[in-house]
């Protein structure tokens, strides 16, 4: 039997806090064989990243390894002195961190950073190192690498940067590569490319890969074996196919069940009626939004020409009462800009938005109506709640501002009622947002949105900050409320599975243009536009497990 | 030998007639000369003029005999023409010296070495006014267009602001305004060669830095020594301090007249106008305590606003009553202010030695007799306008007497305020009888009669407590052991008087 | 309810980091003592040096721990006017602290206000406010104070100037320091403005002023407090420097700065106590406030923990 | 880039005009220049005449108008006090101030950056605590007291260094430098230290704070993971990224070095523009004060411009005007 590249036994990572000690990793053991990709999954905070950091010896203070051992090719590395550990890094263990946008030093060119790394580990001169850097970039899938090598990180797109980070991690051809959520910040199309690069590297160099992610789809497509973590412990290990098809532990079962799939499901929303645009509850007509770019505040005082960027270009759609319209598209395609115009936070350059017969940008009455009827649920639940306010005040603010309820006890009663509606105990009223979990915060945000008794709620990526199990709870809650109050939703997401599960009709945005719209099933099963097809093909999905 | 000499501020200009100001004159005395000099005891001495006298039978004409064989630094001969030119220049519009020569009607050269001054009337003490009027070379001045005195308002500088041509013992080597001026001995000088041949004259504004420079051996002589440092310096090995009285007194003044004071809680009368109050205030003033504590012994308490050098000073006038708080309180009650009153005292804080501290101390003393004083302390640039506009109810001021004659004090401090007189009569004291006598002094031709009138005026001034004198300032020059610079009462020391051991 | 809040407070990060920083504990005790000493000066001080009528000039220059000309005992000696140094320092700290606090408050209110508006409104308003801040920054603090002093002297009638002097100082030092607050708050506001909780409020049509005051302000207050403590120390020192340049509080009611200026004259003449004690007090005050500011900055910055 | 500089220059002119305007507005209240100009025995008529000749009887905006017109031609008038053209006075004094500011800025930068790095790299060391607290003592004292204290110790007691002035100077063209003589250099030591203390503390703390932040960023962690040496990480990566914010603040602080120089120059009798200004304030020498303030504004404007240009050089993200997604 060959020796494992990495062997972890009973690893414990502790954070001493005040009076007690927090165990982020609590007795984790697993091995990785040469040429093998092992996926590590688990909800946020399960200790996945910490395990990776422990292996490479970069746990942030005051955290430290409190027990167990880590072996690299049989040699024990967790108790090496700092200098010896530093020698391993880059040379024998490569690491890819979670966020590609911040892993590169913004002040040095991509080439400088590559050459620096290469020359640290390999006995090459400047010119040779540069050639090697170009080769690495090409290998990582950067087109025209020789031309792009002298660019700065900010001149690269997120996906390209992620590839540069991977190139850096494999520069010295390490035996072990730890990839921590290499794709979570990327949209589906880029994600697919990255996964391809990683797999190729693994097969061509024979390296072992530890792939950390919470995206089961990615694991399903990439990994050979998987490790499921929960609360700092390994709850299950096995081949990917085994675990997905026959999960044994309750936690794993729950995890797998809460993953929405892009495939059609039985309990999915009913398809939209043949849309009669004119009579619809919400009508968006020829929406256009331009941004001026490249001008500072002072220069605005001076005359001169401005460059104009059209973020939203002639978008029209409509939503019938009580239904959900899903808006999808890659990052930067103009989804949020549309949402802001629809709720009245951003003035359209041209076009009309009509809610229940009132043009909301016409001022006067339309304006007033909009405030009552339209609400929004924001992408990041924490950021949308004022951290200095108590939950009761946050939820009560719309009532007070709009004059729905004024006297104290009435307000308190309604707040309690709303909290119950979103399945929270009314006693949490006196708490502050930071005292809640992500899912609970999103519930509070929903309660606030309901507080003004709206008819139409715009949800801009309502679950992207949440992990899958919590995401499932929130989506369920939204469906329940919809049926209970007859709410109308505009659901914005780049997660196609979520959209498929929730919406009756879908629109696909690409570079500000609505390339396709129609009933959900029609779009997903039979996409017309090239862009839509590309998007759908790129989605990793656990159902694709062989 | 070279002497390094520092004081707190520089000469303002080298144009000899542009400023009537001590520091400016001090430097000028080394380069230029005057007709008449002033000794360290205050008496007049011959300089460019060897003799002077009233013309026989005409008390309105002064005749000056000039020194022969004197040459300017550029080699030109010194003649009567130069004197006529210089006096006329000093009388001209932009000259700051013109007040001193207001009584001169005309100046004529009788011969190369005799000049006659025709006065507007008898002017017995006029020679006193000549000790700071410098003689320039007419030819040189004409060459450089200097007929018009440097005028700060004209927007242009003139040649003499930075260049010199006098008859004095030193010639200018270099000058960095406000920083350093160097002078070297003029080999052609008519007098006896002084021990000091080279002078480095430095400006060091900060008192502590100035003293530090002396202590660290970077400086030989320091002027403007703070009183508190005198004792320590004289006790430090290697250093000594020369002390002498200055021709300047410090006094408090107050508003006369019936008009209520602006800064007082008494709104129906002017307490200062009541002689009893003024007496109480004098009895509250503990001059000896101020001398001992505030001035560290470096002042001469006085009962008369007139320094001892000045003609008209007597010991009786100089006497002052012992402080008596009880009596002062009784007087206050008698005057109708048993509970006292409040008033603001305006004091400069950067003009006289310890000016602010003196005022602060007096505030405490007045507090003891119920006068509740608010102290308003300001830099002189802000203090002066208030004083000149008569806006102060109660103030501290100092006064020098450059003519060494009592009339100078009367004219500006005692005479009723008019266009030409009483410029610094801030309290608006007015006594027509005295005014007449003061005017008469200007044209008297008999010295004894004049002295008698002066005495009469002083008696009234003292009895009326027109001003409340505190002390005469004392000058202190600190220097390293081995050098001696005697004190000059006008604080215009001359390096020719320095001796080495 | 209240006790539980108190309990959570005791368990909070701030308290924890406070308890684990001996330097901070010492600094806060020193600062507290100095502040108490200043606040209760009229009760604690053996003499009232601000009442000139009680002074005896002949007591001047009494050395520490000795009896004076008039037989009184002075623990820290007397100054040139016969004022008890101990009492003068107590009363002087009162003036210094008052000026420091008020000036900082003034700068804070002005800077935070303008910073909020500038950061929230943006555009031309922002450009103008920031340009004004630039102009202000090109006048060094001391210059601004000098100039304002000059103006106040010109505007305020002479007999009210003494009373006004302290307020003029406060305005002068305050005006010299507002830009710092404005810049910081502007930056923080621009960040907060983007956050969704502000959008949520805007969505409801909440009045912008209320958004600024109730939503944004509490969230940008952290850095403000930190700058606040540091500028408090700076304001006290600035007051001392102004007093050195001859503009400042009246000499009959000396602040710590005025005391140092006065004492400075006696550095070479042997009366060391006149400068030493006020200087030590000033250092202790500035140091402890600065150390508290340092600690607060680190404690409020989760990244530095 | 050129457009940027041009824009900034326009801005600068506006800033300077505003500064001059405020200065004029304020000067009317700082006292009466005539008090220092006329002699003790000048009469009321002399005052009135002088006031009229100086134009002081005009409303301030008229005075301001003439000031601007003349200033545009490089004319700042004649100093009331020293009776010399102001522009000449300032030019004469400028080298002294610039050399002092330069010397103290160098001290502040070199020691500030070094100590900042040191304390950031050893956040928990005892020496760090000592340096951090010690640096506070330096800024807890007014500058004038530090200056006098240094003079007392090093000039009076130890007699190591001169207590005042610039020492011997050498004339190079119109520039009078003290950097070429031994006495000039010795004279520079105490004032430069006094002046740099405050800035040093500030820069040190700034570098430390920034460095601590930067050391926690992902790219530093990633640099570690890449196996780079400690040296390369600390000095190549962390320090360079620290410099971006440090440059801005330091730039502004350099401006205040010139302002703080007012006090230092007064204490050390340094013949620069600062002491010229203080003496002018005492004498209400309006032309000098106005010119000085405009000069200070100019210095700030120039420094700001340089800072912004440095920004461009150091941070590539700003170079091509790209919007960063931060």
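As written, the chains take the letters A, B, C and D, and residue 1 is the first residue of each chain.
Assume contacts are C-beta pairs under 8 Å (C-beta built on N, C-alpha and C of every residue); 3 or more make two chains touch, one makes a residue touch a chain.
Chain by chain, the UniProt names read as follows: A = ABC transporter ATP-binding protein; C, D = ABC transporter permease.
What you see is a predicted model; the values in this text were computed from it and never measured.
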{"item": "Remotest chain, chain C (ABC transporter permease) as reference, centres from CA atoms", "value": "A"}
{"item": "Interface ranked first by C-beta contact pairs", "value": "B-D"}
{"item": "Interchain centroid distance [CA atoms averaged], chain A/chain D (ABC transporter permease), Å", "value": "49"}
{"item": "Whole-Å separation of chain centres (CA-atom averages), chain B against chain D (ABC transporter permease)", "value": "39"}
{"item": "Distance from chain D (ABC transporter permease) to chain C (ABC transporter permease) - Cα centre to Cα centre, in angstrom", "value": "24"}
{"item": "Junction residues of chain C (ABC transporter permease), two or more chains touched", "value": "131, 150, 153, 264, 267-268"}
{"item": "Residues of chain B touching at least two other chains", "value": "208, 212, 215, 350, 379, 382"}
{"item": "Where chain D (ABC transporter permease) touches two or more other chains at once, by residue number", "value": "11, 30-31, 148, 152, 156, 216, 278"}
{"item": "Pairwise touch network: line, ring, star, complete, or other", "value": "other"}
{"item": "Chains grouped in pairs wherever the two touch, ordered by label", "value": "A-C, A-D, B-C, B-D, C-D"}
{"item": "For the chain D (ABC transporter permease) and chain C (ABC transporter permease) complex, residues of the former touching the latter", "value": "11, 14-15, 18-19, 22-23, 26-31, 129, 132-133, 136-137, 139-145, 148, 152, 156, 212-213, 216, 252, 255-256, 258-260, 262-263, 278, 281, 293, 296-297, 300-301, 304"}
{"item": "Complex contacts: residues of chain B adjacent to chain D (ABC transporter permease)", "value": "9-10, 12-13, 15, 18-21, 96-97, 99-100, 150-157, 161-162, 176-180, 202-206, 208-210, 212-213, 215-218, 350, 379-385, 388, 399-400, 408, 412, 419-420, 423-424"}
{"item": "Chain C (ABC transporter permease) to chain D (ABC transporter permease) touching residues, read off their complex", "value": "23, 131, 134-135, 137-143, 146-148, 150-155, 233, 237, 240-241, 244-245, 257, 260, 264, 267-268, 279, 282-283, 285-287, 290-291, 294, 303-304"}
{"item": "Residues of chain A defined as touching chain D (ABC transporter permease) within the complex", "value": "56, 58, 60, 86-91, 94-95, 97-99, 101-109, 116-117, 120-121, 152, 154-155, 165, 168-169, 171-172, 293-294, 298-299, 302"}
{"item": "Residue ranges of chain C (ABC transporter permease) touching chain B (in the complex, touch as defined)", "value": "51-55, 57-58, 60-61, 80-82, 150, 153, 158-159, 161-163, 246-247, 250-252, 264-271"}
